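As written, the chains take the letters A, B, C, D, E and F, and residue 1 is the first residue of each chain.
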Amino acid sequence: MCLGIPGRITAMTDPARMMAVAEISGVRREVNIACVAEGLPEGLIGRWVLIHVGFAMSLIDEDEAARTLAALHELGEAQEALEQMAEADREMAR
Amino acid sequence: MNAIAFGALRDSHVTLSHGGGGKAMADLIETVFFPAFGPGSGEDQARLTADALCEPGARLALTTDSFVVTPLEFPGGDIGKLAVCGTVNDLAVGGARPLWLSAAFIIEEGCEIALLQRVVASMAREAVLAGVRIVTGDTKVVGRGSADGLFVTTSGVGVIPAGRDLAAARIRPGDVVLVNGVLGDHGAAILAARGDLALSTDLVSDCQGLGHLMEAVLAAAPGTRAARDATRGGLAAALNEMALAAGCGIEIREDALPLRPEVRGVCEILGLDPLYLANEGTMVLFVPEAEAEAALTAMRSRPEGQGAAIIGRAVAASEGGAHTARVQMVTSFGGRRIVDRLVGEQLPRIC
Amino acid sequence: MKFASEFRDPKAARALLAAIACRADQIGASREKPVHIMEICGGHTHSIFRYGLDKLVHEGVEFIHGPGCPVCVLPRARIDESIQIARRPAVIFTTFGDAMRVPGRSQSLLQARAAGADIRMVYSPLDALALARKYPERDVVFFGLGFETTTPSTALAIQQAAREGLGNFSVFCNHITVPEPIHALLKDPHMVLDGFIGPGHVSMVIGVHPYDFIARDFQKPLVVAGFEPTDLLQSVLMVLDQIAEGRAEVENQYARVVPDEGNPVSLAAIADVYERRPSFEWRGLGEIDASGLRIRPKYAAFDAEEKFGIGYAVARNPAPEPEGCACGAVMAGRLKPTACPHFGKGCTPDMPLGALMVSSEGACAAYWQYGGARVAAE
Amino acid sequence: MNAIAFGALRDSHVTLSHGGGGKAMADLIETVFFPAFGPGSGEDQARLTADALCEPGARLALTTDSFVVTPLEFPGGDIGKLAVCGTVNDLAVGGARPLWLSAAFIIEEGCEIALLQRVVASMAREAVLAGVRIVTGDTKVVGRGSADGLFVTTSGVGVIPAGRDLAAARIRPGDVVLVNGVLGDHGAAILAARGDLALSTDLVSDCQGLGHLMEAVLAAAPGTRAARDATRGGLAAALNEMALAAGCGIEIREDALPLRPEVRGVCEILGLDPLYLANEGTMVLFVPEAEAEAALTAMRSRPEGQGAAIIGRAVAASEGGAHTARVQMVTSFGGRRIVDRLVGEQLPRIC
Amino acid sequence: MKFASEFRDPKAARALLAAIACRADQIGASREKPVHIMEICGGHTHSIFRYGLDKLVHEGVEFIHGPGCPVCVLPRARIDESIQIARRPAVIFTTFGDAMRVPGRSQSLLQARAAGADIRMVYSPLDALALARKYPERDVVFFGLGFETTTPSTALAIQQAAREGLGNFSVFCNHITVPEPIHALLKDPHMVLDGFIGPGHVSMVIGVHPYDFIARDFQKPLVVAGFEPTDLLQSVLMVLDQIAEGRAEVENQYARVVPDEGNPVSLAAIADVYERRPSFEWRGLGEIDASGLRIRPKYAAFDAEEKFGIGYAVARNPAPEPEGCACGAVMAGRLKPTACPHFGKGCTPDMPLGALMVSSEGACAAYWQYGGARVAAE
Amino acid sequence: MCLGIPGRITAMTDPARMMAVAEISGVRREVNIACVAEGLPEGLIGRWVLIHVGFAMSLIDEDEAARTLAALHELGEAQEALEQMAEADREMAR
């Protein structure tokens, strides 16, 4: 239901109003960071956030992301090995 | 401005007087249009001759488009460049060599005259690049709130040399689909340039004339079946239109679609699909398989075709009811989905 | 695009698909007797069709497309009411583009706009706030729409308007919540669901615990999932794993974005600005107890319903669903879109009869647009 | 309207969707335009041939005009009739035989589809009368408040047969000036029809095609020098323009000007001069004296020329500075006054 | 057109012209030493040029074009003030078309409109009243402009607005009166005038007695005249008759329209609504005592100057005439338009430098438009 | 200065507000008749008035008009006679 896109905070524009610039694939837009600022807006610069309707709604946990990716990678490698084995079996069968 | 600074020539903005058929209008035309396009014939129409038109088998091509764009000036162009390129391209994609253009202006009261001059200069420049002449025109001024700054309508006359017959109906299964460059730049650049979505990008409209590119392609791939500029409704609209006319299916590969990251970004943010974004200098071309490489090479040898790519092919019409999909895309993920026409234009969405 | 394209790796997907097939076989799922997994969220529905996952997964896994598209479940009466507000001469009515084409009883917002109402599309409630600042003599109304993901943004906008004293800003609140309709579905005796894919972005706000009742009271597994194709496949696998292992738990596949406890700032803003309505109408599902939010009396000045005396603030005039519309049954998973007698006949995206044909997240529209039905039929 | 009544075909008013390049637009085009103009080529341009174009000495004529009028429908016509007649006339007055027209529509969101259908039907009807084909077109939809209901831009292509050369520069002192009918009906009818001046009259616009009339005149008076349709700026603008191009003077007689009492009435009330009121089916013609009677008779033999009259003659250019008057009128009172171009359009005045 | 075209009979005109020539010779008027007759009213100026009377009359009769064109004498500061009012967002500024092209210090109303002000042309103050009824949320301001002919219409409009309680209607009052500038001209020691053609339509309101001072105190003949060519020629003859006979009287050629005592209803409305300003600025002539009207305090709610705190209601900022402008001298009859160094050079109708080039009733514009100068020069 | 046109009152539209229809050369417009109504609006129908900015400002005195016209006519006849005499003189002189 709710389009969310990862973006990186690149600059603060109006810390009092909790406004910052986020960059998404080279596109910049001002977003509200109230939900992710945790009292220290400047610390956000460089951080990845999940953006919805102009609000940064969640800080992306890069470690978690890396963990998921690693698991996926492992799965992928295993799959590739399996596929190569299957391929080799088929070759031999010919 | 001091007291002397009144009157037509010295006005900085268009008023209703400039459309009244009197001296102010003549001044506007003489000050803004003649320096760019050359003086008019003094008659109500341009009178033209071209040998090419009289060659046996040659046909005349006529096309028209009204241009309405906000903002009037945007990264990569303006409404004037658009108006020349758009009409030149509609001629070119049919295999016609563009010869003459007419240009009709509907100007909102209050329009800045300097802006008008820039737009007109841009039209003149683009006409020279395209090798066409703007030979006749018209100016209307409407009250404030009765137009959006400036509308430009161009019509184009060209000649289709004998023996050329580009038509979507000629597309056959197996034909290769090419585009001359990245998709969606114009649509995304305009969305960002409008400012109301507060997006900022370095995107530039792809607005450009395709006449010379088309001639180069036709020289290299004379068997070319059909072409279409992928304007309103984007690549998806052009492909659907052509598939319908051809009575066949089209299959494109998501992997093969040339797309800038910023265009993807704009689409992700606004929930849009780049296949439906407008282009103003991008065409889609159907070529028999044997000539596909030649067409690709010819494209890439010109600046307008630097980013050319083969994106798919025509396939046999699939069976099914009236709603059978004609255009399908193999996703980069290995799936397959229909690329249908939309109902209307895409609206930015949140879900 | 970082944190997105990495999760589209075809190799990993193939592995997940293989694992899913294996698990499905293991629990005896087949085309005739499939496992029914509901993706609650329309965003997931969209991803499933966009990537063709429905056709890639084992035939024993059947996706049921849940009620999680806020546009699809918006009742016609609310569209009528929004048009009533938008038609007032001083009003600038702002909305997400999604709502523009949804048919009310006699018009959509798009048609109302064509008929003269000042209706503008915005990307964010912040843009509506900016309009209110720019046009102090006009009444800027924002069409507050969406589940818990979107609710905090309008709450924050209202708080900001209150701070600035922007008396010409108000919200026409249609915010709804996820757990209540799920509860309603689960209580239905004809319910066929075996497990759930939980909404990723709603959960980043509310966390995972609001779904506990699903596992605890109804013994159904739920996995909160991201929106990329491997996210979804991994989550399907996690659901199948639970079924195979006889577990019913709430799990979080999308931990990179969803903290188990949700987002405290968002939750505080919601709690400050909103309270539950006794009940709220859902298109195709009818009135559901405590499923909608309204603006608290302390922010009544920013509540368009109060300000204009419309909607739940006065006697309502709910519009019955168009005759023969099967949306309710489709949303409950009892009917496939293609099984609706109207599908592709009286009901297409350019002439939607039911709500599910309106938004590209609606199950019927997705079937239509992405060929769930049409490609399959070939 | 019940719930089923949504969607493109069943919409009663144009929405932005109808301009989006998708299904709704295709529906609009198929429902409104094709039934009136015939189906399009399916390509981006019309492809045309005409033997007349290839005859030695023949020239192609190209003209364009944007039409903006309030109200869109008025006594005697509508914007569509205007758009066909105006462009046909601009071809005809140059001696061209009109062949093909393009038509580009800029539609304001909210425009009634039934109105659009009436306008388009009126264009089709007028095209048949004029013997031209509307062969290509375009549709754009702009947001509410960005246009005034509907703008139509037509471009026309015609052929000027070998040997014809009508041009104001060919006018010689002594040539006779004719008009084909009463002056100012269109301008006065529109002023009244707008309603904001609360005037009520039985006036009807003179909007009509002049192609057949022009052919009749040229057959009877082959020496005809030049013609112009007296549209914006009225007879005064047309005469001034022609005098300038001809480098001569023009003298008209107030007594000889055909004017309806109601047009005089509107002018008296609003302080306007009928010489500056727009016409949409009235042309001014310069003929050598020897052919003047023949031209007049030819005109009067056709319905478009029933009210034809000789109104004056070309005279030698008067000496003087840059501001020397070119067009003069002998008043019915025996005086003489300059008929200059106005600065802008005439505004209703009280003093 | 009844009561108009009958008075254009060329035969009668030739008789009048012959009689005029005879009288002119009789009193020794010649090209070198002409009789100077001022037509006060711009409408008469217009007729003279439209019918070429200036070139038809005996060369010993010279028309001097008086200050009776309300548009020509409207000072730049008043245009600036009207634009200030028109620019206010809620205002709909309504005006006769005449005023649209008059240059203020930096803009005309036409240019202000192009720049976004909501300025609309009306034919009657009644049309402005109708707008005020139609748009109750807007402020409809009417640009009250003109001499005694027009003054009653705005007075009646204000009375009507008061009756209806149309609080959103007001008048920016620039009404001026005829006798005062004539008095000022006659007091000028360089004055060359021998007689006057009196303004026909002003007189139908005020009658003929307000001109008595001209005959009594300055011994100049005045004939109130109609606007058709024989009206004017007959009036010229009547003036010459007086001169020849050594009389100085106020006579009424236009008795079919002008009652000697004027129109009592109009005069009562004027008296009810307006009072004299201590002084008012005339373009080209400067401030003239008691020559302008303002709205009485009891109608202050309908006075745009009071409502918007503009113009004579606050400190004014009068704009000096453009440098070298000879309008004052032309209006006083001391200079022919063609003798102004700017005529046809820096000053043309499309680029007016002075006021007399703006309205088609201005002497310089009439010379230009109808060829008073150009045809003569050939 | 002040455009005034003769028109004929053809109908009353709103006697309370003193509004009537005037016809000028076949053109109709609603005008205010307060200045000429003299208490009895209906009596105006058929009367000629002088109209300025939508107000009937003066009743036209048809007798006065006829007198002026008669005088002009007489002048014109006399002039014609004079001209014919002059013409005859010229003829004779040839």
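As a convention for this text, a residue touches a chain if its C-beta (ideal position, glycine included) is under 8 Å from a C-beta of that chain, and two chains touch if they have at least 3 such contacts.
Predicted model only: the values in this text are computed from it and were never measured.
Peer 1: Among the remaining chains, which ones contact both chain A and chain B?
Peer 2: C
Peer 1: Starting from the Cα centroid of chain C, hunt down the chain whose centroid lies farthest away.
Peer 2: Most distant chain from chain C: F.
Peer 1: Which chain pair shares more contacting C-beta pairs: D-F, or B-C?
Peer 2: Spelling it out, more C-beta pairs touch across B-C than across the other pair.
Peer 1: Measuring between Cα centroids, what's the chain most distant from chain D?
Peer 2: That would be chain A.
Peer 1: Measuring from the mean C-alpha position of chain A to the mean C-alpha position of chain D, what distance in angstrom results?
Peer 2: About 62 Å separates the centre of chain A from that of chain D.
Peer 1: Which whole number of Å gives the spacing of the CA centres of chain A and chain F?
Peer 2: 87
Peer 1: Just give me the whole-number Å value for how far the CA centre of chain C lies from that of chain F.
Peer 2: Centre separation, chain C to chain F: 76 Å.
Peer 1: I'd like the Å distance between the centres of chain D and chain E, where a centre is the mean of that chain's Cα atoms.
Peer 2: 38
Peer 1: Listing for chain A: what residues touch at least two other chains?
Peer 2: In chain A, 1-3, 5, 24-25, 30, 52-54 touch at least two other chains.
Peer 1: Would you please write down the residue numbers of chain B that are in contact with two or more other chains?
Peer 2: Within chain B, the residues that touch at least two other chains are 7-8, 15-17, 23-24, 197-198, 261, 264-265, 268-269, 271, 342-344, 349-351.
Peer 1: Scan chain C for residues touching two or more other chains and write them down.
Peer 2: 1, 4, 42-43, 69-70, 96, 101, 110, 123-124, 127, 146, 150, 348-350, 361
Peer 1: Under the touch definition given earlier, write down the residues of chain A that touch chain C in their complex.
Peer 2: 1-6, 8, 17, 24-25, 30, 32, 34-37, 48, 50, 52-55, 57-58, 60-62, 64-65, 68-69, 72-73, 75-80, 82-83
Peer 1: For the complex, give me every residue of chain D touching chain E.
Peer 2: Its residues touching chain E are 196-198, 261, 264-265, 268-271, 318-321, 323-325, 328, 331-338, 340, 342-344, 347-351.
Peer 1: Could you list, by residue number, the parts of chain D that touch chain C in their complex?
Peer 2: Residues in contact with chain C: 1-4, 6-11, 13-17, 23-24, 27, 109-110, 144.
Peer 1: Quick one: in the complex, what on chain C touches chain A?
Peer 2: Interface residues on chain C, with respect to chain A: 1-4, 6-7, 9, 11-12, 14-16, 18-19, 41-43, 68-70, 96, 123-127, 146-147, 149-150, 152-153, 156, 160, 199-202, 204-205, 227, 230, 234, 253, 255-259, 263, 265-266, 269, 361.
Peer 1: In the complex, go through chain C and note every residue touching chain B.
Peer 2: Spelled out, the residues of chain C in touch with chain B are 1, 4, 8, 10, 13, 42-43, 49-53, 55-56, 69-71, 96-98, 100-101, 110, 120-124, 127, 145-146, 150, 229, 344, 348-350, 359-361, 368-371, 374-375, 377-378.
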